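Please read the structure below before turning to the comments.
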Amino acid sequence: MAKRILYLLRQTPYGSSHAAEALESALVSGVFDQTVCVLFKDDGVWQLVPDQDGALIGTRTVGKMLKALPEYEITRLFACERSLAERNLSPADLVVAVKVLAPAEQAELLADQDAVLND
Amino acid sequence: MKLAIAVHGPPWNSESSASACRFIHAALDAGHDIVRVFFYHDGARAGDALAVTPQDEASVLDRWVRLHEEHGIELAVCIAAALKRGILNEEERERYGKAAASLHPAFQIVGLGQLTDAMIEADRTITFAA
Amino acid sequence: MSTLHLVNRPSALASCLETARDEDTILLLEDGVYAAAASDVDRPLHAIDVDVMARGLSRRLRENVTLASYEDFVRLVEDHQPVVSWR
Amino acid sequence: MAKRILYLLRQTPYGSSHAAEALESALVSGVFDQTVCVLFKDDGVWQLVPDQDGALIGTRTVGKMLKALPEYEITRLFACERSLAERNLSPADLVVAVKVLAPAEQAELLADQDAVLND
Amino acid sequence: MSTLHLVNRPSALASCLETARDEDTILLLEDGVYAAAASDVDRPLHAIDVDVMARGLSRRLRENVTLASYEDFVRLVEDHQPVVSWR
Amino acid sequence: MKLAIAVHGPPWNSESSASACRFIHAALDAGHDIVRVFFYHDGARAGDALAVTPQDEASVLDRWVRLHEEHGIELAVCIAAALKRGILNEEERERYGKAAASLHPAFQIVGLGQLTDAMIEADRTITFAA
């Protein structure tokens, strides 16, 4: 029976390698046919900004990695309403489609999981 | 309970390794089982046999090694995180033509799937964040 | 089962509080215990004893904070699912 | 002619090794007879709390290291008024005597330096 | 000479702003450039160009932000003393 | 101007090494001199010869080595910070009976006084924080 695993991504994409490494773990969990979803919250929503280009600073482009999620059957992507608003990010203008959740809805989403991993 | 433990912080510059050791001892005392300790991100550096612990500090490496030797706890270091941070076993040393290997024998280098696998098998997954 | 939230930095507490249901439990560990001495939070908080004492915070804890040993930590893990880490 | 060097300490004492390592650098600068001063600000003021005991978590006691500063002729110790107040720390109850500065005064202190190092 | 403040994380900007005199210069680099797209600060800020572009923030900068190359960074160091890093 | 550079962040998990390299290139182009690059805290890991750079990322180690070889830039790693993090030269390897040395030859292990010394000699000190 597939486990419900949520990746809680709260780190900026380029300040450290945590964001990219957590995404790799999410992709692997997808390959293992688990019920995987991702919640972008706080600085993690910066990962969703379009037009990223990691090559300019010698690293991978995290935005591109996000586009691989659907190929690994990871289609349940969520973003924190408050975090997006604070950063003037509009849900319509992100690299991948996300369902915007208010914090209370996020609490219920977390409670449904068997395991939660963070970056 | 069967517990999967993830360690994300490096041994000298965050407390996640030390906290994880304390938690594991308490969990074993309470009769629980540890499926695997998975070292990811900077946590991979926990397996560094070359680190020298200052005398006025407790060696976290010794504590991990004792947990492995006395309780058979599996200490799994993620290969992608390890290579980038200079944590190599003999096999990777050869593959990348490096001068030396740095992994302590109590640890093993594994693929990322071992984390997901541990989460599948365990009743709980606890992450000691960086 | 309710969720167990682990907080290991004071700066992560606000985001955790926003996402913790009333029935969830919050445990401060490592640097997270500084939040037990600084922020005025109106819900109960648990804080790891050795982390509090090592930092000299024993006499500085808010009333809504109760000390937890690692044995308590294990029991909390038994009674909650999932365990979420905030940093 | 001695250089004016200020150590700007803003990190908690036990979350990482940065605080202890920056203090060691300050002590060495003192030995080199430079005009050294230290400004504790933001989470760095937690280093000034009495009754610390690093041994409980297997590390050095940063509070004790601070007591060594005067022995290295580092006696100009400052702390940020706002940072102390935010954390309910009273200047009278700290491990070492510090001069409390408002942010504007801190700005002048910084401007007087030849070099500023941080933890 | 006025002080040059380097900020490499958005969370460090507030403390830097509190301590920067009007004549000082603030340069955002690495993750610090996120503050150039999020916070509304009423003083001029400089932000390193490659860090802004790598993060996809070129069209999101506040008006009071000017892009700086590493050559500009060196010139700022020539004209300021000391250089203070905030993280 | 004579510049003293301090690097506090590790090469793979923060940008301080990459930023410091960019700054040094621009400073050299503008005719300035680098007194010394001092690697402290996790910055000490910049001297790790064993780190394997993923193909889709630029190797910061190569950039440091080129700066040293082409411009004679002194790459000084603080001994206290290095030992704790598993960065050893042959001499320290022997002293602590470790199986291998990990320091890249372009770097040298020095005492903390070399940072103060660099600050004394330089007109400016710039820290690339963790």
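By letter and in written order, the chains are A, B, C, D, E and F; residue numbering begins at 1 in each of them.
Definition applied: a residue touches a chain if its C-beta (ideal position, glycine included) is under 8 Å from a C-beta of that chain, and two chains touch if they have at least 3 such contacts.
A quick note: this is a predicted structure, and the numbers were derived from the prediction, not measured.
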| item | value |
| --- | --- |
| Chain A to chain F, fewest steps along touching chains | 1 |
| Co-neighbours of chain F and chain D - touch as defined | B, E |
| Maximum centroid distance from chain B, chain identifier (CA atoms) | E |
| Chain A-chain C separation of Cα centroids, rounded to whole Å | 25 |
| Whole-Å separation of chain centres (CA-atom averages), chain B against chain E | 38 |
| Gap in Å, rounded to a whole number, between the CA centres of chain D and chain B | 34 |
| Contacts with two or more other chains, residues of chain D listed in rising order | 14-15, 17-18, 57, 59, 114-116, 118 |
| Touching two or more other chains - residues of chain E | 8, 30-31, 50-51, 81-83, 85-87 |
| Residues within chain B bordering two or more other chains | 12-15, 41, 54, 80, 84, 124-125, 127, 129-130 |
| Pairwise touch network: line, ring, star, complete, or other | other |
| Listing of all chain pairs that touch each other, if any do | A-B, A-C, A-E, A-F, B-C, B-D, B-F, C-D, D-E, D-F, E-F |
| Chain F - residues contacting chain D, complex | 4, 6, 8, 40-41, 80-81, 84, 112-113, 115-117, 119-120, 122, 124-125, 127, 129-130 |
| Residue ranges of chain F touching chain E (in the complex, touch as defined) | 1, 3, 14-16, 19, 22-23, 25-27, 29-30, 32, 123-130 |
| Touching residues (chain side chain F, partner chain B) in the complex | 10, 12-13, 41-42, 45, 48-54, 80, 83-88, 92-93, 96, 98-102 |
| List of chain C residues in touch with chain B within their complex | 6, 8, 29-31, 48, 50-51, 69-71, 73-75, 77-78, 81-83, 85-87 |
| Interfacial residue positions of chain A with respect to chain B in the complex | 3, 5, 17-18, 21, 24-25, 28-29, 31-32, 34, 114-118 |
